[in-house]
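Look at the two complexes coming up: chain A is in both, with chain B in one and chain C in the other.
Now for the complex of A and B:
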């Protein structure tokens, strides 16, 4: 078996054992966060690593979370159906915005700006429709009395969510692997460096691009939906909005978006960083963490452009080359 | 094999080609010569479907290509070696060749074609794990030609393969074109290096400001006063 199968499975096995090692709820909570965000960052990087830098993923995550909760609260539609609908909605929106970008060859900075606008529109809509969405105060899924209900996708125990998150995270990594193994990776790499030359060798540039965009948006929405169910509370700032879009970019740049586990490392790094900062400087200086993130982002881009894991692998390669 | 009738094309308001007609027979090597900005690259891009044809007709082996999108051109047997090579610089030589065999039909014959390209360009075999963007201009040109050959084309379009190369390398590139001809490929080549290219091809067309001005056998063109005066500087 190959590294891109073994590494995820070994990590998953260790994580799965965590509850049996008598870990605290806080520890499990951090693990769930790392896995859920790791999944979302992986979903983003599916397209991001091919030069499709999206600032629109806050929108997809928000749609995943909000559509699921709204369907539940207003129609008592189980998230088992609500989540697929939410994913479909995000995919449809990605198609509406993505297809013109692909056709008109909106790439690079312009693509980032168009997707940024998408995030802004979705976040503003959530706030604007406050009668339904609760606006900036946020929204809580109607609780099942029992606390735990499979039908409602509500689980009182964090451990259950740990396994849900783990499965989701593994799905993300295996989708990544599937893209890597197929001709899709070559096609997308070729497209990211030269669309005309790619078309000339027979790559259907538009179809390849829109496919990865829809896949990435759909998985991100799924991550958002599960995240909402886990937190049992969503608001425009935590699951949608420009802040989320930027958080995604920061995390994947930090972890390394070009290697399979890079986005997960980014999730672990940013969560641990955030927790540390929270403990060190408390909640008083509200903007301090944002400032530190901004500064670190710049430092990463300059000094570690492949991210933490990318740099580690590059270092290992060099060491191997030296030894040989 | 390839036939263009009254083809016009351009960019936005700017028209770069005015009713160009030409044809290439199977087994031939044909050149389109002309100064910088004449529209040679535009001509090849229209054939490849990269820019749309505005007027006229275009066909390959009788099949009309007027509305065929760029990514379906290669199925018709036309492979394009673009101006400035345009390799995928962050991929290795072998990955570039692999992408050249992107079509399912070509993928199934990948190993065999790879052997063929490596036998044609042993240098590429040595460099197969090197990033394409880090090779010299001449090597990149080989890789670009190799990438085009991986699809198993009938007709090879080459856009100024000698541009930007040192004189010694230019010689090698024209030798390569000869090799490819002798392997049975039909070639349509665009060049500014008129004296050299006319020694390699059977026929040529002279393109000036988007219009075909002259055409004929290479030997006749080489001997013609007009070409000699204007382009060879004798």
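Now for the complex of A and C:
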């Protein structure tokens, strides 16, 4: 067995045992957050690591969350069907915007800005459709009387969500592994350094790129849908919009986008940092955490562009090379 | 009934033109920096936000006259622009373009949170009551007309600086060829610093005009930032005339869209138009 199978399974086993060790709801809540965001960040890195830096994932996450909740509230459609529909909607949007980007070679800065505009369109549309979506005030899924209902994908216990999030997170890591070990990875790496040269050696540039974009968008929407069900409250600021898009990119940069567990480390790092600072400094100085976080991001990109985990692995490689 | 409807539409169009002036000025600084240094300041609108706070504090808290406070903001943000280049951009100048984009994104986070921490989240305004101008049955805010005129003056001023002065000529030269100019004995490091300072100064000037019309709060950058990038890209990144024209196109979408529907839809239409334009002319409307 390889490292990219063992490490996730060991971590998953430890997390799965957490509820039995008599942990508080707060601790479980932090774990769920890390796993859900870790999943979304992993989904982003699937394409981000190949130079496709998207600032549009807030749009996909928002669609995942909103479509699921809206279908439930208005048509009482169970999230078990609603979530796949939401994912399909996000994938369709990704195709509509992604395909022209791929064909017309909108890359680098331009790709980032087109996807940024996409986020703005989706977030502002959610606000604009306030009669349906509740606008900036947000939206709460209609609660089942019992509090817990598998049909409604609502669970009163955080522990249940811990396992849901855990499964989702593992799926994310194994999708990453499949991409990492597939032929597509070599193709995409070649494409990210030179599209013309890649095409000349027989790589179907368009197909390879759009595949990874659709995969990444779909998984992000799924993450957004589950996140909405967990929080039982969504608003355009927390699940969509430019803030979310930037949050995704920066957490991934902090953790390291080129290694399998990097995005998860980014999620854990940013959430634990925020919580620690919140407890240390207290609530009256809000934004202290993001101030330090922003400063660290700048330092990271200047001094540690591979992220925390990337830097750790690079350090280990160097140590090994020295020893040998 | 019909004539009144038309008057309001005309008012929306003229307001769009006035808004275009401010947006054009916003885009100018960003375009200058991109054209010369080839770096996109994602945090540009946050510099504008700090400029707005500078005017607010100088004028309201310390009682400095408005004009001096505005001058102060231009200087402060100009220095911030130079500092941003010196501390943040210079270390990553040789790394991948996307890292340069992300590093200024980190600065965005930092400045926005820092402003929240220091200034709090309340909306602040100058409390100036500027007269409202009316032509026939149309009403325009004096602040907007003033902003439009100053923006035009700023644009002309920058144009004269770039074409008529030695420093300006050197800046244009380095924008055309980054490799050759240092061989000609031009100190590109110094020029980049000066350009960043001027870019910051333009952001400061835009801040003075915005603070006359809008309340300042820490998240205001997110309102103007994305639209400013769209304008720069639409006009062809680095193309200052193109950016100026694009500002008027975008502002018309916002203004007229907001007239017929709710204001968000004006923005939605503007952003959608941007995405479509990128598909039709990826180099921007006026790019080479």
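Here is the rule we use: the second predicted complex is superposed on the first by the 312 of 324 C-alpha atoms of A that agree within 3 Å, B and C clash if a C-alpha of one lies under 4 Å from a C-alpha of the other, contacts with A are read in each partner's own complex, and residues count from 1 in each chain.
Methods note: a residue touches a chain if its C-beta (ideal position, glycine included) is under 8 Å from a C-beta of that chain, and two chains touch if they have at least 3 such contacts.
Fair warning: this is a prediction, and the values are worked out from it, not measured in the lab.
For the composite obtained by superposing both complexes on chain A, the positions of chain B and chain C are free of clash and fit together. When both complexes are overlaid on chain A, the residue A:186 reaches chain B alone and has no touch with chain C. Contacts of A:205 after superposition on the shared chain: chain B is touched, whereas chain C is not. By the touch criterion stated above, A:197 is placed in contact with chain B alone, chain C being left untouched.
Taking chain A as the reference chain, the count of touched residues is higher for C when chain B and chain C are set side by side.
Angle at chain A between chain B and chain C, computed from CA centres in the superposed arrangement: 80 degrees, to the nearest 10.
In the superposed model, A:112 lies in contact with chain C only, and not with chain B.
Looking at the shared chain after the overlay, A:142 reaches neither chain B nor chain C. No C-alpha atom of chain B lies closer than 11 Å to one of chain C in the superposed arrangement. Touched by chain B in one complex and by chain C in the other is not one residue of chain A. Across the complex, chain C is touched by residues 51, 53, 97, 100-101, 104-106, 108-110, 112-114, 116-118, 120-121, 124-125, 127-128, 242-243, 246, 249-250, 253, 285-291, 293-298, 300-302, 305 of chain A. Those residues of chain C lying in contact with chain A across their complex are 40, 88, 91-92, 95, 97-99, 101-103, 105-114, 116-117, 218, 222, 226, 229-230, 233, 237, 261-262, 264-265, 267-268, 271-272, 274-275, 278-279, 282.
Residues 45, 48-50, 69-75, 79-80, 82, 86-91, 95, 98-100, 102-103, 106-107, 147, 151 of chain B are the ones that touch chain A when the two sit in their complex.
Residues 183, 186-187, 189-190, 193-194, 196-205 of chain A are the ones that touch chain B when the two sit in their complex.
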